[in-house]
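What follows is a pair of complexes built around subunit A, which joins subunit B in one and subunit C in the other.
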Partner chain A sequence: MDTLLQILVNGISVGAVYALFALGYTLVFSVLGVINFAHGALFTLGAYLTYLGVGGAVGSNGALAGWALPLALPFPVALLLAGAGCALANLLVEAIAFRPLRRRGAEPLLYLITSLGAGVVLVNLLQIAFGAEGYALPADALGDLPPVLSLAGARIRSVQLLLLLVCAVVMAVLTVWLERSRGGRALQAVSEDAVTARLLGIDSDAMVRLSFALSGLLAGLSGGLVGLSVSIAGPYFGIVYGLKGLGVLVLGGLGSVPGALLGGLVVGLAEAAVPGDLSGLKDAVAFAFLFAILLLRPQGLLGRPPISKV
Partner chain B sequence: MPDGSLLVQMLIGALLGLSVYLPLAAGQLSLATPGFMTVGGYVAALLSTRVAALGGAEPLYPLPWLLLELVLAAVIALALALVVGLPVLRLRGIYLAIATIALNEILRVLLLNSSWTGGAVGIFAIPQPFGDPLGYLAALLLLLLLAGAACQVLAGHPLGRAMAAVRDDELAASCSGVDSFRVKLLAFGASAVLAALTGVLAAHFFNTWNARQGSFDASITTLAFVVFGGSRLWLGPVLGGLVLTALPELLRPVGDLRLVVFGAVILLGPLLFPQGVVTPALLQRLPLPAGWRRRLLP
Partner chain C sequence: MVRRPIRRSLPWLLALAPLLAACSRPAATLPTTGPLPVGAVLALTGNASLYGQDQRIGLDLARAAHPGQGRPLALTIEDGGSDEAGATGAFQLLIRRGSLALIGPTLSQQAFAADPIAERQGVPVLAPSNTATGIPQLGAFISRVSAQSSVIAPLSIDRALKLLPGLKRAVVFYAQDDAYSTAETTIFQKALADRGLKPLSVQRTQLNDQDFLNQISAALALKPDLVVLSLQAVDGGNMVRQLRELGYTGTIVVGNGMNTPNIYPLCRRACDGLLIAQAYSPELDTAANRAFVQRYRAARGSALPPQLTAQAFTAWQVVAEALARLQSRRPLGGLPLAEVRRELNREILAGRYDTPLGPIRFTPEGEVIQERFYVAQVKMAPDGRTGRFALLP
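Let's look at the complex of A and B:
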């Protein structure tokens, strides 16, 4: 049986990942009012790119078997490059799966379908290139940092601290940027009313692209960090997080940045509190919360109730 | 694989396509068709191997038991659809898509972790009610004809028109006196029942059943049936299910590309063919007897 402190540590670090995930959905949702279902696939891409960046070789089952970069980058550099790669990939997703529908003024349902398709194509291309096997990032990726710290009987892994740190920094920077900067306020204006924002001289297409790039960056960073923390379980591992991230998103409230954080922490802590002999049921926790919140408070913990106008 | 069994799988695909089509005709995306099919399959697998337990006294599994399985599967699926639909369908927008993903995952986790349902390995040696694939072919064809006839009646029925109205503009439909909640719930319930009935027959046909039948992949595959075939006419998803089930078998050499192709269908379909392959315009052009055309078009 884990101590309470251990449960808190594990729960908060997993919750931080869920929060980053939900935040990635939230960025796109708050601008376009739709969910990018390809987000989980970008998370997978980020993990694989980080793995390649630190010098990992492709396993024997992939089409690229045995291939590796000629050099091994330090983990932070590889992680940032992977984040940048995912930002570019998400811009591509926007250009293919979202922009044509936006031009046509299509219904939100179609965005779900096309982005789901983009995610499936991406994940299966990764599967063809890398094979279905799992990959582990080298344990010494964090250099001289000790892998495990001990605090009052709880084991805290350095990578868990790093996850928390990245999550906290991203949350803080994003909140300040959204509330204080011109660009952030322009993004909020577009999310409030795209037509009015355009009349006020805001390039709403550029804002949409910005939100996709930022959201891709978040997916890439969290993918690389989780890859280091718990290893890459195969091309579909991002989809599993992506589905749970949807639960977190609805729990926190669609489009709410603090809601994403709160939802992530609630689900992470609840999962960590599931006793060991029931650990198989852990994966259902996020979805149980989802149904509970839809019953009790459909707008989510911190979301605004939708207003429909005729 | 003998051709008979490919035909059986194609019919299963057509039925699942119809199951995704029904809520979509009311503007709701349900990804739970494989989930409800899994439930139906487990009803059949559990009832035939644990409860009926006829111990090989009879060469073939008796048809009255099969009918009992179908009824029970329909009732359980309908109850489950109500549990999910009652809270979720009061909301507008994309909540059903998210909630049905959640339902799939909860079902998968529960089935994998319960020893009663055989855990991860599932249930084996499900008895055969028919001696050869021809029996399954007949049973599935009957189910498909019944479901197709129901959809055909629906197209001209006020309920079908209400579904189309909710799909085109839910708010406007509500303002015109359509009870959009009831319409969406009916469509979702019908989708669940059809998937569960298909699951019963599929479990007997495959002889073994496990929680992988309801995986995320399966949701993608069934969605591709409808996006490919089109969601304006019920013939679309039937054609989509038939063709896209046969396609991977016919394109064996392509191998691993199956899901890439289905993903590309879902990605590009709404962009290039917003109405799918079977559209009202296509039926206008086909050299059909005028009476047929009039009946097939809404």
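Let's look at the complex of A and C:
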């Protein structure tokens, strides 16, 4: 029983991060129909910004060696500021890697290459600035919370609960905003049909920028949370999450917000269910599971089948 | 219609042919003037860039300390990335440019792919950090200054048992997709079994893993009192932190991949008490090591040099001294490149060197013979940010 609970908690907390990450992909995909491959790099940037925000100092090898902010912010503030920083960075990515191509009506494959290039440049800039070493957020970043809680025999790290809580809140706020607010409905209208939305007076370009800003915010938040949970494993650590997020995006259904949530949880639980002594194979198991589901439902768990016009 | 473009481009192709041929072929003889080219392939990007960074510092310090006697040496460092493709590409590039010897690559995993390329072309390779079993056995031109895991790893198990003779329940973790980790864990597991501590569980991870909750939950359910890690610095640092956070209070022995101060920012206070066997100690009291530590501190501040930096320094020193001896016998300029490389390899293997690692020499196969190894315990400073590998008596 306690083993099952442990698997559930581990799987859901990891899955929540995957979901948050994939949601960033989803927002851009639903509006532009392309994937922003710089998302993993923004995730990494979010982790580094959070680290700096809580007063972390740069190591001895980067161009900023030894540098630190003169103040140490509380973790929630640092996380939000990191999210905002990533939102701005993603707007820059949009302006450099997407907008010029969009104006020329370029093929979707070209966006893939330009966004990948933007991501690689960003990661290399991080390496130049911070060096290749890893960083961990201080253990007291969560204040007086004990690092581990016991629940019915299962050991749960406080940071796992925090991950769950933040992901749940962000998902709920985003869902309500998309469904109820004027801006959210405008964004949905553009994702349905940009031309019709423009005829209805919606500024499509502004909606594209909004989706990039929100997507960057989500990447930054998830990067900061993962940085707190498992440390920042150097400038390349977003790559793994980038791949997983892509899998989650496809599994949940391209462009589906609830699909990203469900996909994240399914992948997280599939990984957690792999027995400990075989856990080196967890990626293989998770992706095999994804493959099997896509054979049965090619549009993903909550995706809509494409409509064929005749 | 088909012939015209070919006819048009034929003169261009003919004009470019000598240029292409020159690019693809190394100079046949060593020039009579100018510096002697030596190449290094380090992981400066990717997950192993943490190690490449330390090695680059070692090479920079070594170049200043051993600029070369006779003709000066010119070092070209190529980024081999952190995978096999990057290392093989960098090897090919440096060999084509006429390097007399190559230092690198950073990872054993890369060496198994890249070293055979140098071996086939008769270029000496001196590995500063490859510890997996079988590296010098890749060929006559392959040697290393990094002692293999099978010599070093069991020392830390012995020391753990000496400190706590009652240890009974061991659990082992290793990265199944990394040549170093898989080679070292075999040695660790054999050492444990030989000492009556057959592992209760062997947990496999992957190099890029950062979240080990599942493996740790499974391992802690067995109530271990000894955990042995064969992981690289980043995943290892994360593992130690998560082990401690999830309540593990027993002894942790770590392998060579975590033999770098770069683990301190990852596991912070949780690094305290880690046991590790080392091929280098900054506390070694010899003239060569004191000079090296002094140089390191002059360049890098108060910190002590890590093993990877010392080994990279040593690799350059070996190549520089071997080339100096060769030049003292006869001028190398004008000799066929293949002959210079062959003689340099012979000279590297025949020499004795007084290095920061202590006095070293090589077996005819290219394996380093080193007199002293060490077991250290990590002692973290009260702030939990900095620490040191304190040598155990």
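Just so it is clear, the second predicted complex is superposed on the first by the 299 of 310 C-alpha atoms of A that agree within 3 Å, B and C clash if a C-alpha of one lies under 4 Å from a C-alpha of the other, contacts with A are read in each partner's own complex, and residues count from 1 in each chain.
By definition in this document, a contact is a pair of C-beta atoms (placed from the backbone, for glycine too) under 8 Å apart; a residue touches a chain by one contact, two chains touch by 3 or more.
The shown structure was predicted, so the numbers you read here are calculated from the model rather than taken from an experiment.
Subunit B and subunit C, once both complexes are superposed via subunit A, clash. Shared-chain residue A:127: touches subunit B and subunit C both. Judged by the touch definition given at the top, the superposed model places A:3 against subunit C, while subunit B stays out of reach. After overlaying the two complexes on the shared chain, residue contacts for A:106 are found with subunit B alone; subunit C is out of touch. Contact with neither subunit B nor subunit C is seen for A:261 once the two complexes are overlaid on the shared chain.
Contacts of A:271 after superposition on the shared chain: subunit C is touched, whereas subunit B is not.
In the superposed model, A:283 lies in contact with both subunit B and subunit C.
Residue contacts after overlaying the shared chain place A:221 against neither subunit B nor subunit C. Among the candidate segments 79-87, 97-105 or 205-213, the part of subunit B whose C-alpha atoms clash with subunit C in the superposed model is 205-213. Shared contact residues of subunit A, touching subunit B in one structure and subunit C in the other: 124, 127, 236, 239, 280-281, 283.
The touching residues of subunit A, when paired with subunit C in their complex, are 3, 6-7, 10, 13-14, 57, 59-61, 124, 127, 131-136, 138-139, 147-148, 155, 157, 160, 226, 229-231, 233-237, 239-240, 271-272, 274-283.
On the subunit B side of its complex with subunit A, the touching residues are 27, 29, 84, 87-88, 90-95, 97-99, 101-103, 105-106, 109-110, 112-113, 171-172, 175, 216, 220, 223, 227, 256-257, 259-260, 262-271, 274.
For subunit C in complex with subunit A, the residues that touch the partner chain are 44-47, 49-50, 52-53, 175-177, 201-206, 208, 210-211, 213-215, 217-221, 233-235, 237-238, 241-242, 245-247, 262, 265-269, 300-301, 303, 384-385. Across the complex, subunit A meets subunit B through its residues 34-35, 96-97, 100-101, 106-110, 112-114, 116-121, 123-125, 127-128, 236, 239, 243, 246-247, 250, 280-281, 283-284, 286-288, 290-291, 294-295, 298, 306, 308, 310.
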